[in-house]
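The first chain written gets the first letter, and so on, giving A, B, C and D; residue counts start at 1 in each chain.
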Amino acid sequence: MTTFVQMLIAALLAVTAENILFNGGVGFSHVLRAARRPKTLGVYSLFVTLFSLLSSVGGLWISTQMASSVFRPVLFPSVVAFCAVLEYVLAAMVLKMLFLPFYKRYGQVLAPAAINTVVLSIPFAVNRFSLSLSSAAGYALGTGIAFYFAAGILAHAMPGLKNDAMPKAFRGLPAMLLYIGILSMAFAGLTGAKLF
Amino acid sequence: MTLLNAKTPYLKKETSVSSMMRDTLTALAFLLVLPVARYGARPLAMAAVTLVACVLCEIAWSLLQSRSINTSDCSSMVTGLIIVMLMPLNAPLWLPCAAAAFAILVAKKPFGSTGHTPFNPAAAGMAFITLLWPQRIFSYFNPSAGEVLPVFADCNVETAPSPAAVLKNGLKPDILPFDMLWGVFAGPVGATGILVLCACGLYLFLKRTANWEITAGCLFAGAVMAALWPRIACAPLTSIKYELMSGSLLFCAVFMLTDPVTSPRTGFGRVLYGLLAGVLIMLFRRYGAYEQGAWFAILLANAVVPQINSLVCGDRRWGEELYEE
Amino acid sequence: MILRHGIKLDQQKAASLRHKIQDLPTAENQKKTEWLPLRKGELNSNAIIAAAQAAGIVDEFDGVPLFRKLKKLRRLKPDMIVACCFDEDPCTTSAMATLRENTNAIIAGLVLAGKACGAKENKIAVATKHEAKMIQKINPQADLILAGEMYPARALLKRKLFANRKNAAYIGAQACAALLAAIDDGEPQTSTVVTVAGDGVEHWRNVRARIGTPLKELLEFCGLSEKTSLVVTGSSITGRAVTDLNEPIAATTRCVIALKKAPNYKEYPCIGCQRCARACPRGIVPWKIQQEMQNAKPNLVRLTNVQKCIRCAACTVACPSGIDLTGAVRKAAQLKKSGDFIDIT
Amino acid sequence: MRNRRVLLRETGTIFLNGVLYKNPVLVGALGMFPVVFAGNDLKNAAELSLLYFFLSVPLSLFFCLVGEMVPAWMRPGLVLASSALFYLPAAWLTDKIEPGSIASLGMAASLMICNSMMLSRANEYAPTHIGWAVAADALGCSAGFMLVITLTVLVRSLLMTYADTQGAISVSMPFFGFLILGFFAAFVQWINEKRSQKSIKKR
């Protein structure tokens, strides 16, 4: 029961106050790319959740292994990245061998999802040295949900940010960046003036 | 005699965008009456300075774009006055100007001015200055101390915690019900006079300038949250009273949420939006970093509006049969 | 949620209703009215339709010849026939004035029209309760129905009756009166009642003018001002601007409005206030159509209900941003009509 | 001789594109995290630029060599793996130049491994272009990245002088970075607009 509650709390935090996308400003290039293809968004987020789970558990294990090492700050992220590469290659192989139609349809989101998990899970592992398995799982779940929401909101906002009434200089990406900035402001209201 | 070949319709319309904005401006101006009567000319000075700042920002942007200057739709003035209403009276006069500048230059004009803004500009402006100068936004002067406020100069007066701050600390605010209704407590300029606010809201709803569904949804959600999860140990009704009347919930529900540009376009969607905003405002009060973050909640709710619009399809109305011509 | 359709317009009817209908003096060289040959045989449906055809009666509301309308209605077998004795336009009063002065004639004409198409019930539609009381005073037996003051009243009345499962047909007030005159006296329809209003004329009047008289005579009779810059026939919402005053009056000209200054609308972007959707009597959501039509390639599936538009322009009048929504819906309807074929192939 | 001149001019264009006209941060919306998150202090900006330079140039050149040999589906994985590998010497070099910088940068430094700007260049651009162009592009991107992060730092430090303590923290938060980036991006788009108008006029 406590593990479940812990997991839920971690997930909630990852969506709200510790929202890594809006509060940390991490990984928006991936969110923007995902938002341009709203159809694959669900599968994308699912992969992000899955890979995040594996990466944060892996990161947890590595973290305990090199807790005493002096090279930890340099070595750790590399190892996590290797972890993600391994996951990606494994997942791609499995999908290619077993579910080829599925791979053909959604294969292009696999690689960005894997890279994205590194982006999303390193901050977590760097910020917290001691964490439990349940909170890691909760974090992964919450991050997946946050990613889905963020990309969904941006996907819906996108057509409105290219209208003719806007000054030409702001059409498209600049307006999108301002949009993200203002939305991040709303999330900053949850935590107050505090660095991630 | 030359006759024109003008386009239809040929009658004078009773409502236009500028007349709607003027309605809102009138309602906002009424909110200034009580503070002016009580504390002298400072609210007026604040409003005037902010309006000038708004118009200057508009003009500056038009010059930058090398377009003709046009402020006839008054929407930037509405934004400016809303910001003034949410300020503490003892705030320096440049503070609302900074909020207005952000609202117009960042949250409104780049997105294509009125009709295309994805976020309520006033909410964005308030959020910006709340993050940059939190101490100044939430330090309200004590109205019962009887000090005289200077008209233009920065003032250094005795401050008192607002009921919202008291609630945030888990205590029960101690204000007479009569004072609460007439706004004799520490709080923003325009958001304390509950009775005047209600009257202004009614005026806007009757004029159909604002949509009552949103306000009703927001207040309902706020009341339910306050009754079921009170922040202080008291009866549900007391909790509802303090939660709804403190801070700027009522003001935001009447003036900021009902902005037609940033709210959903179907009746059901509006109710949904109001409920969502109410819940978010209460959550921000409880878990947010500040004593109240209605404008942050409004920004979040605004972001969901396109989803609500596409979710609730407004193409066909239910329960209606149409005859064939 | 209260679903109130239509829009309320600022009514300016009192001025032209104060006076009785005046006859426009005809020029001397006008040829005399040719009386119809007297009717022979009994008065059945065919005879009434033939009389309407011979008298050349045109329904002033939709411009359809009355005999054609009655023939069509005879096929459709409506339960009820309604005489439209209200004016949707805020300053037009021609139908109301006709009803007030020829109440009995209109009732008799309506009975005849009902007989021609086989409708069991016949009712007279008036705008307000006040008006109904006034008519009841003149003829207590008049069977009245209220159309309301919301624009477009005709479409909303149709909607109301349809919702009550009434299959109703509609006929103009002046056409009723003309039908009676044609059958009783053998008189062809030669004149029509026109309301003259607007700040460009001195006297707001209802004038009975011969069909074919130039608008100029009519306007000068009412004291046309030199400063007039816009003359509108039809109604102030769906009418059209006239640039040549020698244009003749038609049977469908119910109103001529002379204005000193054309109203000027500033166009703003849509602010999403929903007034247009509330105004539309046909369940169209005009702002959505307009938004979709602004795309380079509008999605036909999203142009819902556009083919049901009746061009009442209530949406355009309701719009605070001054957007030409009627035009957008019309374009959408055209597109959908032509697009249907593309979709099939 | 002439070929060489053309080559030089082309290289110059690629470099300039990376710096300004097609700045990966402002036009491609790639790798915004370091700018938004850590671009609040000149020292950070310099260290991050160095790290980016040390990491991206070898990575791009490496994939210019081997990129074609790897099957397309494997390439993203290999790019990430080699980026993780190259990170170690790059971090060591940066730490040598600015002692203690990697530890103080923390998350921002570690996330340089999966900087989307660098990964997308190595994955998509490098394998299909000649070495000269790839080098120019990597250099241009590094310079562009440095330009953006330095300008952001300048704007932020200007505003920090006006805000109080709490405000200073807010200014260095990510949301502020996004707002600044938005205006920079608008500026670049405006310049590009002017350029395209000019070229149309010339024709």
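Simple rule for what comes next: a contact is a pair of C-beta atoms (placed from the backbone, for glycine too) under 8 Å apart; a residue touches a chain by one contact, two chains touch by 3 or more.
Computed from a predicted model, the values in this text were never measured in an experiment.
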Intersection of the contact lists for subunit A and subunit D: B
Between B-D and A-B, the pair with more C-beta contacts: A-B
Most central chain, Cα average position: B
Chain whose Cα centroid lies at the greatest distance from that of subunit A: C
Separation of subunit A from subunit B, taking each centre as the mean of its C-alpha atoms, in whole Å: 34
Chain centre separation (subunit C, subunit D; CA means) in Å: 69
Mean-CA-position distance for subunit D and subunit B (Å): 41
Distance from the mean Cα position of subunit C to that of subunit B, given in whole angstrom: 45
Subunit A: positions in contact with at least two other chains: 165, 167, 170, 174-175, 178, 182, 185, 188, 193-194
Interface hub residues of subunit B, defined as touching at least two other chains: 106, 110, 112-113, 115-116, 131, 134
Multi-partner residues of subunit D (each touching 2 or more other chains): 166-167, 170, 173, 175, 179, 182, 186
Interface residues, subunit A side, partner subunit B - complex: 16-17, 152-153, 156-157, 160-161, 163-167, 170, 174-175, 178-179, 182-183, 185-186, 188-194
Residue ranges of subunit B touching subunit C (in the complex, touch as defined): 1-20, 72-73, 112-116, 208, 213, 260-261, 263, 265-267, 314-317, 320-323, 325
Of all residues in subunit C, those that touch subunit B in their complex: 1, 3, 9-10, 90, 158-159, 162-163, 226, 228-232, 236-245, 257, 259, 262-263, 265-266, 268-275, 277, 282-283, 285, 287-288, 302, 304-305, 308, 310, 313, 316-318, 320-322, 324, 326
Subunit D-touching residues of subunit B, taken from the complex the two chains share: 106, 110, 131-135
Subunit A partner contacts - residues on subunit B that touch it in the complex: 65, 106-107, 109-113, 115-116, 118-119, 124, 127-128, 130-131, 134, 284, 287-290, 293, 295-297, 299-300, 303-304, 306-307, 310
